[in-house]
Each structure stands twice: as C-alpha cells, then as structure tokens.
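Chain nomenclature is as follows: A, B, C, D, E and F, assigned in order of appearance, with residue numbering initiated at 1 for each chain independently.
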Amino acid sequence: MLSPLEKANVLTEALPYIQSFYGKTIVIKYGGHAMINPELEELVLKDIVLMKLVGMNPVIVHGGGPLIDEWLKKLDIPAKFIDGLRVTDEATMEVVEMVLAGKINKGIVNLINKFGGKAIGLCGKDGRLIVAEKKQSKQDLGLVGDVVSINPGIIHTLTQEGYIPVIAPIGVGTQQETLNINADYVAGALGGALKAHKLVLLTDVEGIYLGKGPESLASRLTDSEIPKLIAQGVINGGMIPKVQSCLAALEKGVENVHIVDGRKAHSLLLEIFTQKGIGTMVVKG
Amino acid sequence: MLSPLEKANVLTEALPYIQSFYGKTIVIKYGGHAMINPELEELVLKDIVLMKLVGMNPVIVHGGGPLIDEWLKKLDIPAKFIDGLRVTDEATMEVVEMVLAGKINKGIVNLINKFGGKAIGLCGKDGRLIVAEKKQSKQDLGLVGDVVSINPGIIHTLTQEGYIPVIAPIGVGTQQETLNINADYVAGALGGALKAHKLVLLTDVEGIYLGKGPESLASRLTDSEIPKLIAQGVINGGMIPKVQSCLAALEKGVENVHIVDGRKAHSLLLEIFTQKGIGTMVVKG
Amino acid sequence: MLSPLEKANVLTEALPYIQSFYGKTIVIKYGGHAMINPELEELVLKDIVLMKLVGMNPVIVHGGGPLIDEWLKKLDIPAKFIDGLRVTDEATMEVVEMVLAGKINKGIVNLINKFGGKAIGLCGKDGRLIVAEKKQSKQDLGLVGDVVSINPGIIHTLTQEGYIPVIAPIGVGTQQETLNINADYVAGALGGALKAHKLVLLTDVEGIYLGKGPESLASRLTDSEIPKLIAQGVINGGMIPKVQSCLAALEKGVENVHIVDGRKAHSLLLEIFTQKGIGTMVVKG
Amino acid sequence: MLSPLEKANVLTEALPYIQSFYGKTIVIKYGGHAMINPELEELVLKDIVLMKLVGMNPVIVHGGGPLIDEWLKKLDIPAKFIDGLRVTDEATMEVVEMVLAGKINKGIVNLINKFGGKAIGLCGKDGRLIVAEKKQSKQDLGLVGDVVSINPGIIHTLTQEGYIPVIAPIGVGTQQETLNINADYVAGALGGALKAHKLVLLTDVEGIYLGKGPESLASRLTDSEIPKLIAQGVINGGMIPKVQSCLAALEKGVENVHIVDGRKAHSLLLEIFTQKGIGTMVVKG
Amino acid sequence: MLSPLEKANVLTEALPYIQSFYGKTIVIKYGGHAMINPELEELVLKDIVLMKLVGMNPVIVHGGGPLIDEWLKKLDIPAKFIDGLRVTDEATMEVVEMVLAGKINKGIVNLINKFGGKAIGLCGKDGRLIVAEKKQSKQDLGLVGDVVSINPGIIHTLTQEGYIPVIAPIGVGTQQETLNINADYVAGALGGALKAHKLVLLTDVEGIYLGKGPESLASRLTDSEIPKLIAQGVINGGMIPKVQSCLAALEKGVENVHIVDGRKAHSLLLEIFTQKGIGTMVVKG
Amino acid sequence: MLSPLEKANVLTEALPYIQSFYGKTIVIKYGGHAMINPELEELVLKDIVLMKLVGMNPVIVHGGGPLIDEWLKKLDIPAKFIDGLRVTDEATMEVVEMVLAGKINKGIVNLINKFGGKAIGLCGKDGRLIVAEKKQSKQDLGLVGDVVSINPGIIHTLTQEGYIPVIAPIGVGTQQETLNINADYVAGALGGALKAHKLVLLTDVEGIYLGKGPESLASRLTDSEIPKLIAQGVINGGMIPKVQSCLAALEKGVENVHIVDGRKAHSLLLEIFTQKGIGTMVVKG
C-alpha cells in the first residue's frame, strides 16, 4: 500500500512522458484476453481514459473473438476458417455485424463512459468510415474485405470534441455490401489515414520472438527486417496479419508501431510511460 | 411522365416551404411499414437526405419491429408482451440491442449514405445520449426503461458537421445497465431536448380518428384535448405511447408534432412541403 | 395539375443534381428577354433563389438593354454604336450608370428579396470590384472599358453571409473614371476571379448554331474550336462577345460555360437539374 | 507651413480622442454644401476614411439635393414640395432613385475608395435594409415614406470586414414599392438600429440658434427642451426634420447627436477631435 | 523503488481527481519554505506543470520573503515592519520591485519552463493587472497598497494559449505609483476576479490550529467561523492576512480556499489528488 | 499655437502614411537619451501608443544604460567593459537582470499604460522568448550571450490581443542560465523572427556619417556597402553592433532598417509619417 506522497512522486515522474505525447493520436487495436477478462478490460479502458485526459487522442479498433463463435453456435451456423480468416457467408456476416457493432462495440463504449470518458461507437458504415472491397484470395472467403480507403472526417470531428472513437472492423463496399475485415488491418489503415503517432496492437503474446522463449523477444525491429522473418518462418500464423498491418501503417506515415502483450496489467500505460516500453516496437529503418 | 419544365415548376413551388424550414431541427420516428417495405424505405430515406440538403436538420429515431421477433425466434427466446410493451429479460435484451444497434441502425445508415447523405448511427450508450431508468409498472417488465435525461451534445456536433444522426432506442441506466425503450418515447424526449421545430411520427395509420373511417381523421388537435380522448377510449392501444410522446415533446418545447401515415409514399415530404399536410398535427392549445 | 405525390417525386429526383452542385459558385449573366418579360423575370429570379437555398452560390451580372436607350431618348441623347459597342460620351455614361446601377440593379435586388432571397446590389465601384481601363479600338468608343482586374473580396463576404450579389457592369478606372463594360465580359472575368464552377449566359438564342435552324445547335464545343468558327463566320455579331467571355472564363479556371436560351421558362434550372442540359456548353478541350 | 515636428505634435495630441472613440459606430448624415462643393467633399470624405482607419465605424447616409432637381428639370418633370417634402409621383420616384442610388451614392463610394478607404454603396432595398411605409399626411405626398424598421445585418457584415457603408435614403415597402425618405430620418433610424455612439448631421447652418446671430448658438440641448423650442418657433423650417431625427435616434439608444456646420472645413474631425466640439449637441436629459 | 506496474496503478487511481478538476482555475499563493528550499521548489513547480498538463489552469502569485531583506541589507536600507507589514519608502519600494518582478518572478518562470511548462512572468503593472491604492492605516506604511480592482484580461489570454501566469504582487495606483501588496491579498483578489475553483495558500504551517499541537488542526472551517476565531485570538499574527484573503476570495466567488503546508513534499498534489486533502479548507457556510 | 482647423489638416495629411503601415510590425530598439530624458521618453512612448492605435504592431526592445551602472555602483560592484561589451560575472548578472526586467521594463510598461496603451513587459525567459548561448570571444566576457533562436509565439498572442510587448534583452541558455545580450542584437533577431516590416534603432547619433559633420549623413545605404565601411573604419565603436543587428535583421527578412536620432522629439513618427524620413535607412541591395 503506497502512501499519498509516494503516489504524488509517481505522478510527477510521468510528467515528461505526458508532455511528449501531448496532442498525439494513438490508434489501439484492442482484442484478445484484454477484451475477455473483465479485470484486464477495466484496466485497459481506464488507461485509455487517462490517456485522453492527459491530452492524447486515443482511437480504439476492437476485434470480436470468441463472442462471434458463441453466437454463431447459438444460431447453429458453422464457423469455418481458411488461413486464419473466417469464411463469411451472408448468414455469418449478419451475426458478425450484430455482435461486433451491436454488442461488443456498445459494451466498450459503455465501460469507457462509466470510467468518466466520452466514447462514441462506430462501424465502417458510419460516415462511410471504412470503404472496402472483397478480399482477393485463392479460395473464396465470402464477405471478407480489404480496406480500400478511409474517410477520417468523423474521427477528427469526434476527437476534437473530446470523444474517444470506438470502431468495429466492418467495412462497406461500393455496392453498400457489408464486409468483415481483420481488425489488425483496420487499425493499421486507420493509423495511416490519421497520421497517428503510434499504433499499438494489444495481443496475447509478449511480442515477436526471434527464437524460442521469452529471452528471444525482439524489442525493436525495422520494417525492412520483417519480410525476411516471414520468409524464414520466424514470424508466422496469426502474427502475420499483425505485422502486415504494422508495415502498412508505417508506410502510410505512422511513426512507430507496437506489438504489446494485452494479458499484462497496464500494458498500454507501461508502453507509453516507460523509457524501455514492453513488447516489440517496429519502426521505419 | 413529366416534362423537365413541369419538374422545374415543381421545384420552384417548393421554395416557400424550403425557406420556412431552413435550419430547423426535425425529429423523425421511423418505424412500421416504412421500415419494412424496401420501396417505402428508399422513399423515406431519400426524403430525409433531401431535407438535410435543403437546410433542415433531420434526426432519425428508429424502432425495431418484426426483425427483433424474427431473431428471438431463431434463438428460441419467447417474445412476451404486457400492455403492448415487450417484457425484456437479459437474454431478450441482448438480442434487442444487437438487432437494433447492430443491424437495423447500421442498415439505415448504409442506405442514407448510398443516397448521398452522411449518416452516423448511435444508440443511447454513445456519449450517454439517452440516460434511462427501469420503467415503473405493476407487473415487472424487466429491462424496459423510461428516459430520464438526454445528453444532446453529440447530436449538435454531428448536425453541425453535416451528418444525419440515426438513433437506436437503447437507454443506459445509472449502473450502466442496458434498457429497452419505446422508440416513440425516445423520439419525444429527443425532440424536447433538441428544442426541435417538429416531431414527426411515421406510423401505420393515417392519423388519429375521432370516429370511424377515414373521414373522421382529425387533422389538428391541441394537447389539452388528448387526455379526454384517451379517457373516452377514442385514442387507444398502440396509439397511446405515440400521443404520450407527442405531449411530452410539446411540453418540452417542440413546436408541433405530427402523426403521419408512413405507408404512403413521400409522406414526410408531403407533410412538410404542402400547405395542408397529411395525418394529424398536435399543437399546444 | 400535379398531385402532391407527383411533386414529391420530382423533388427527390432533383436530389443528385442538388448534391453535385452543393457549395459551387455559379455566375449568371442575366439579360435579354428574360430581363424584360415580367413572367420570365420572375421565373429566372425564383430559380436563382432556389439555387441559393439548396446550397449553391449564384452571382448575378446583369445587362441594361432597351431601358438605357429609352432613357437616352427621354433625354435627347443620341445612341450610337460601333461594332455592336455603344459609343459612350460623358453624357451617355451618366445615364448608363444611373439606369444600370440605380434602376435595373435595384429592381432585380427588390424582386429577389420579394421571393425570399437576400440580395445586395453592387457596381464595379463598390469595393473597387471591377477595375477597368479604356478599351483600345480603332475608332474611339469613349468611356467603354475592358476589365483589368477583379477584387472579389466583397463577393466572398456576401456569399458567405447568405446574400446573392447582383452586379451592374460598370468599371472604375485607375483615375476613378466611370467605364461602361459589356456585361458578358464582366461575367466572364468574374467567373474566372471566383473560380466559378459554371458560367451561364442567358441569351435570346438557343445556343450556338453550326448551320441553319435549330437542328444545327451545338450542344457541346471545346474552346479550341471557337476561333475557327469565328474565322469561318459561323459565330458572328452579338455572339462574339459572348463566346469571347466564355473563352476568358475557361482560361481563368471556370470549369464550364453555358450559352442558354433565356426566353424559355426555367432555362436555368433545366440547365442545372437535367442530365442533358439545354443550349450550348463550352469546355476546355 | 508646418514643420514635420509640429505635425507630429498634432498627431499625438489626437491620441486621447482616438482612444475614446475606438470601435464606436458614428452615423453621419452627409448633405448640403459639403456634398456639392468639391473641396469640402474631399475634406469630409478624407475625414471619414481617417475615422475608419483609426478604429471607428463610420456609416454614411447621404441626401440628394440640387442634383435631383437638375435631372427632373432635364426630363421636364416639375418639382413640387409640400411643407418642405418633395411630392413624389411615380415618374419623380424613378428619377430620385436613379440619381440617389445610381449617381450620388456611387460617386461617394468612388471618392472614398480613391482616398484609400473601402466603401460599399447601398440603398434601402439591398438586404431590405430600410423597410418603409407611405407617409401619412393631410395632403397626399405620393411615394414619400416613413421608416418602419431597419435590417442592420448587412451593415454589421460590412463594417466588420473593414468597409464603409454608404446609404441612399430609399426605402422599400411591404409590397416592394420604392419610397423616397428624408435622409435625416433615415440617419436617425439607422443610428438607433445600430446603437450608434454618435449621430452627426452635416448641415448648412452652424447649429441651433436660440436667438439671432451666431452668439445665440446653443452648444448643448437636452431632448426635453426641443418640443418647447419648436412650439415657440425657435426651431423651424428645414431644421424640424433634423431635430426630429435627433430625438428619434436618442430615444432608440444613440448616445448623442450633433448638428454640425458642413460648410466648415474638417467639421467632422473638429467635432470628434476637440474638447468643445462645434455646432449643437443634443443629449438625453 | 516502485515497479512500473505499481506506477501505472497510481496513475489510473488519479483518474477521478484529474476528471473532476478538468478546466478549473486554481490560484496558488507560492511562498515560504517552498520557495526557498530548492528541492521543495522543484517539487512544487513540477506539481504545477503537471496540473496544467492534465487540464487545470494554475495561476501563481508569489511572495518575496528573505530575498528582499537580503538585498535591502546589501544596499544598507533598513527593513522596518508595523503589524507584520513592511513600511515601504521609495528607496525600499525600488528594491522590492526589482527583487520581486526582476529576480524572483523570472526565476520561477525559468524553472517552470525547464520542467516543460510555458510560463510568463507579470507584475500588477502589466496590462494594469492589479490596480491598487495606498493602504489606509493608523501609522503611515508608505507605499503599501490594497487591491482596488483586477484587470484579468491578460490572464485569460495567457491561460487559453497554454501559458502558466506567474505574478509578482506589485500594484499600480491611479497616478501610476508603484505599490507593495501582501501576496496573500493579491492571490485572494485574483482568485475572486478569475472566479477560481480553488485558492491554495502554500504556507509554513500545517493549517489553522484550534488549540495546541497538530491534533488541533482544523481540516474544514466555514467563513462565518473565522471572525470569532480572530476575536478569540485563536487565529493571529501572520495567519490573519491569510484568512482575510481567504474570506475575500470566498466572497467574490472562489469555491473553496485551502491553507496548506508548503514545507511538505507534493503538498499541492496531495491537496488536489486525495480525498481528504491536507491542511485547512475554508468554505462558505 | 495651432488652430483646430490646422490640426485637422495635419491629421488628414497623415492618412496615406497610416494606410501604408496598417497591420505592419515595427520593432523598435529603445535606448539612449530617449530613455533617460523624461520629456523625450513621454514623446517616444506616446508615438508608440499612437502607432498601435492606428493599426501598426510596435514591439519594443529596450536597453539599460546608465541605470545599470548606477545600481552596480550602489552595490560596490565594479563595471568592466571589453570592446564596448560589459564583462558580466554572476554578481553583475543579478543586478543587470533586476534593473532591466524589474525596473526599466516595468517603468516603460507603466508609462505606456498611462498614455492609454496596453503594455506587457517580458524578458527572454518568459515563454523562452530569447534562447541564447555564451558569446564566443577571445577574452572571456562571462555571462554575455548571443541569440540562438527566438520563440515568437507569445509576441503574436500579445499583439493580436491589442497589447504592446516590451522586452528586456535577457536571454536564457540551454541550461537555464541567465545571459546578458546587447539590445541591438535582440532587436535585430526579433525583427527577423517576426518578419517585421521595419526595425528602428533609436540612438544618440543622427545616423551613419560617411565623412565629418552632419552634411555627410548617409540617408540610405545597402547592406552590401556596410562591410566595406566597417573595414575602412568609417563605421566604428558603438555603431558596429547597431549595423550588425541591421544586417542580421535584413538577412532574416525585415524589409528595411532605420538608424534614427532618438534625441530629437518625435523622431519615430517623423521617420514613419514623412516621405524623406530622418537618419539612415539600410536596405537589401
């Protein structure tokens, strides 16, 4: 138990970090355990409210995770994946959209407001925020989309007025069709469109391992090293969309991208308010 | 088939109506057949895009209707009503919220954008727009709410920036609980909070009948006449929440309220752009 | 006689046209029969009020026509023309200015205000809007001017505040002398200075004929075709200043220029609100 | 011939006067010899440009004087007066409007611009600035008007953007009819509507004499003294509309009103930049 | 030594306090040991920079203390006090002003800037911020002043632009004379003029004792209790100007006033970021 | 003694000068006799208040002169100079800062306010206005600085809000150390950073002499001529820092620089409000 004095010391130690992030946009991909575990959820969202309060502009993109499967199961719709991407027929898309935009999104909004923030929940249809097209792939994935362009106007309006935007990764096609997009990709594209200072991906791993075990964790990589690591199989599986959205974001002007362990308490604040950070940072190089 | 010249004549005839509504806020309760029938839906939403374009500030509150029942049925959750209000347990509330905020709301947004408008879909949790409490009633209705207060900040922000707000009638309680509210009541409360010029309820009737048959349609009533008509049973059933939200809106400063037949093509434009209007207008008196 | 429903259909059909012209500046040269015939005058000015109301920025430049001759005659001042340009001595200039800036200009302002617009009447002296110099020509034309430069500040101020500027084609020289300028030229120069989306010349012909009779009407010409057509004598007489002001406007950045028959009812709206337009459009090419 | 040093002394002596009038609105009725004599005209208009430059907001209302008679004569229209007011039939009204709004008004604008100011000339039709009605009188005066109301919006817009408004005393009736109004009355009404700090009437007398000869000049009168002086015949003739517009302006909130001799060089500056002023000041009392 | 995680916990615990003070003005009287001891000085000024960064508007009024005596001694000017107020002849006033406005004030500014804030140092002459008059007292105190009025314009300008104003308690009389004012009084008057949320007086005592020893510390008093406590001699000596400036500030609209021990590390943050606060709070009651 | 009429003539003669300087920034180095002699001081500061009032943006940089020596003497600190620059040890620096920022600066502010201006006094520490570094020289000059950079934000804020900034030439080093800088250099650097229209150095000479006696006064020099004149010894002594700050200012974008005799009454106004000016003007050439 800390004394008030010790607490005050901590606050003033945070001063240089707060100063250096003042007015900066931070796009946060929120997913994994940090979204499922209620204690972690509270910690992450309070961290975000604090970030807003001390002058940053956090923008949240959330995933869906197990809740989508849960509802598909309730409705007897089989979940099917190819290369880690959900094959999305019309029936599936309806459920995905309702769970993402109607349940998870509004739940996050509700908690942020509870902790004193002012959140607004959107999906890619609102203000045509995320314009998408059907993903090209060998096997037809159905209504799975790739981001074509971002209309960031509504995000600027909301952040200027003090709101925290919370975004469900649903895209809208040129024929108004609904498209399911990987949340990492959406976060990367949004970070690029907003010229964000930072893109932080909250994941269920500590970062990128170059070998085996925690001691092989890379704390800093350059974008030019990534393709080689993928080719070598060092980066693989679900980490691939994450590093790809990192690269896309860097290319469009995000200054640096972080892959951070969302299972750790306060991982967001630690990433921002400590010298060394945690997880893996990817930068232009 | 009209000639271009005849069309131009129509446009200039609309001039005085456009002038008199310039800059005025119009809250529209959108529900019933106008929401189910795709042709009517297109007509209504195009009317609203036109209203925005010629300088009005339309704000849409939508209901849910048969789609909620359809999904409850898919999920084997029995629908139960007391006095026309849906008894809403937690399982029902989850489905109601997902269908309203995740499906219907985003569908309306999508269509408005298709017709060239700029829509943003919200529910009462966003920016704590609709603060509610559990409805008091003899028989427990579960998570059915009454509006306690409206935080209209986000609506002003959106309308000023050229957006059309589309609102799902979900309220948030003081303990962050989700509450299901009658869309007519939400429209009335919102009209009051926005000091709207007009509240228009799109319904599946022609208006209020004082007797039997279309010829008994009241084209104008004062608020003081309503309680008597309810007591006499002239106004009854599903019309009661409608006239109550009319009265609430009038009391909080809405200038006039219209009960209009949404089954007729262009009923919104006809109400606004013709001298006589259609349906029943209720005013202070 | 149209039903209200048919009228509503017309209004929503105009939607895409209104959307595509939103916020655009349209300079209109107003003259000929459309200014003399009271029914046409009312139709044209109501069209302009409607254009303003649905979000365009119309700017009117008017001519003088027969009214100048009428007053010169009353005052026993002989009217004299060389190559279609009025030879303007001091006595003539006084009358021209009074009729244009004091009578016609204020009459147009008055009618626009009657139809619910907010008009302000200016001449080129106001805010030194139109700086001119004596026209160089073989035979001395007296106080006939060419536009040297436009000071558009006052026009921007007025349009932003919701006014419709109405401009008499009087220029001011570097020695403060009053100069009589062809209204077509003024409209072209103003369109260029305002980077107008469209310049519309309301004339007493259907457009440019390439041969004989209405069926030879060119609906679209490029600027590069014009000089040849003049050299061939296809374009001649009073049409020459019109096409020259078209070319000047196109060169300074106006996107397209229209020569339209002002003798037809609603020719302005038809030009803007129909796919095909009427008259002849001249574009860069 | 003054040395530069003496001139600099004069400039700094003006400092407290400039400071005390900073940002204040001064309505100036401009007429009489000061408008006819070119040397006086230049002095008055340079004074006004200087007033604008040092931070005041001058607004000019001008009369017409001999130029109207001159043009009526040219056109063989007899000038007729009842009680000092011009009987104005339609033919006369046309000439009055053209001379006031088309010739004198634009001439003043031109000179102000020449001296480095930015002037805009308006009449009461522009933006419906001066709404009027037919003057009630025993003998029909024709199209002579009284001010009903002022729409000062355009004046605020112009002064904020650095322009000097120059106003011809033409009113517009509810049926859009053109009405001829005494310039003193217009100046008084405008001063009231703008809550002007000062109304200055430039006249061809030194001020109000209480007896005979210059030594009986009243330098300060209260509004309550005026009716008695009229009743006694001390104030009479053309001075009556002047004092009546003084009273009207005072009643509507103008702080003080000055009747000043426009035949004297720099009478405006002397009134504003000297302790004692010149002419007669009328105040509430 | 705390772990990063413990630090992050502290930061999020501060959230509700930061939220409740967002946008509030806090006037801080800075003096005593907190100004002399370099470690305390750094802690106080970093606390203030943090307060600014998290959205409050701190305004600093500083005293002079021993440095004035030191410089008077160097210059062989005897320091003389009556009832705790410095008798201030012209020679003394010169030194007081130079030390306060030229040395202490700029030193505080310099340190705040070092810690990442943006400070501007002013005295009461700048923008005539503090208008004063000679203090009335039985024995002539020389150039000692009482605050007559505050011109807070420059403070609003600076806080809006992100600056922290630092104010030396020098007043300016109606004859431009320099007057020495007690810093507590200046802080109270400034708090009133700015309608501050809080006035905090950093002193060299723990607060107001009602009896003997720390356990008699009053943590909350109402303004109505103060006069009695002075009359009883419970409040006496140098505490009297402090409680008087508290009362003056409360009367002019400051919400609450705090007498806080500046000798304790982080006393400002502890006062603001803890439930209980430290020292004595005085409120209306 | 001038008549009011003659005075009014002078005012209107100033019109073109006032117009040509409207909105322009004029940096004034204020020092020498004009600061010591109370009559001259009053004239200079009134001239500056007038300049502000008629729309210019004067910014004052003042020197210290004999008052610093006077206080050093009172404190028995010996004044020592190398090449006309004060050798500044810590004890000297303390006195220099107090006299410049605490006494002279606030005295100028006080007088400007007395004459109706709104002045704010700053030194280079305020908002880190003047960032400096220790001057490199053969013999150690102690805490004498050279300007490294200017942070002009606070100057823009103050001039926009109607204030006249008054600046003491104290710089702040990267380690927060206090540095004494030649006021001419500060004025030059500030003129450059503000892209001033004019830099005026008020000196105790008539300007730059090319030979002997007043008739050799150069009224106009180009920057390219200066180095040669220094090499030839024509420009020497205290004039060297002056011409060097002229060159620095010209290089950074000041349009022209004036060396003016501050011993003459109204030299500032005469420089600005006369065709020929007085003193020596240096321009790019």
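Everything below uses one rule, namely that contacts are C-beta pairs under 8 Å (C-beta built on N, C-alpha and C of every residue); 3 or more make two chains touch, one makes a residue touch a chain.
Bear in mind that the values here come from a model prediction, so they are computed numbers and not experimental data.
Asker: Show which chains lie in contact with subunit A and also with subunit F.
Answerer: E
Asker: In the touch network of chains, how many steps separate subunit A from subunit D on the shortest route?
Answerer: 3
Asker: Of all chains present, which has the mean Cα position farthest from that of subunit A?
Answerer: That would be chain D.
Asker: Considering only mean CA positions as chain centres, point out the chain farthest from subunit F.
Answerer: Of all the other chains, the one whose centre lies farthest from subunit F is B.
Asker: Between subunit D and subunit F, what's the gap in Å when you average each chain's C-alpha atoms?
Answerer: Here subunit D and subunit F have centroids separated by 46 Å.
Asker: Measuring centre to centre with CA averages, how many angstrom lie between subunit D and subunit E?
Answerer: Result: the chain centres lie 56 Å from each other.
Asker: State, to the nearest whole Å, the distance from the C-alpha centre of subunit B to the C-alpha centre of subunit F.
Answerer: Going by mean C-alpha positions, subunit B sits 68 Å from subunit F.
Asker: So which stretches of subunit A touch two or more other chains?
Answerer: In subunit A, no residue touches at least two other chains, as defined above.
Asker: Under a traversal of the ring that begins at subunit C and continues to subunit D, how are the chains ordered?
Answerer: Order round the ring from subunit C, first step to subunit D: C, D, F, E, A, B.
Asker: Okay, in this complex, where on subunit D does subunit C touch?
Answerer: Listed in rising order, the residues are 74-75, 94, 97-103, 105-106, 109-111, 113-114, 118-123, 125-128, 153-154, 157-158, 161, 163, 170, 172, 176, 178.
Asker: Which residues of subunit B touch subunit C in the complex?
Answerer: The touching residues are 2, 4-16, 18-19, 22, 43, 46-47, 49-50, 53-55, 115-116, 264-266, 269-270, 273-274.
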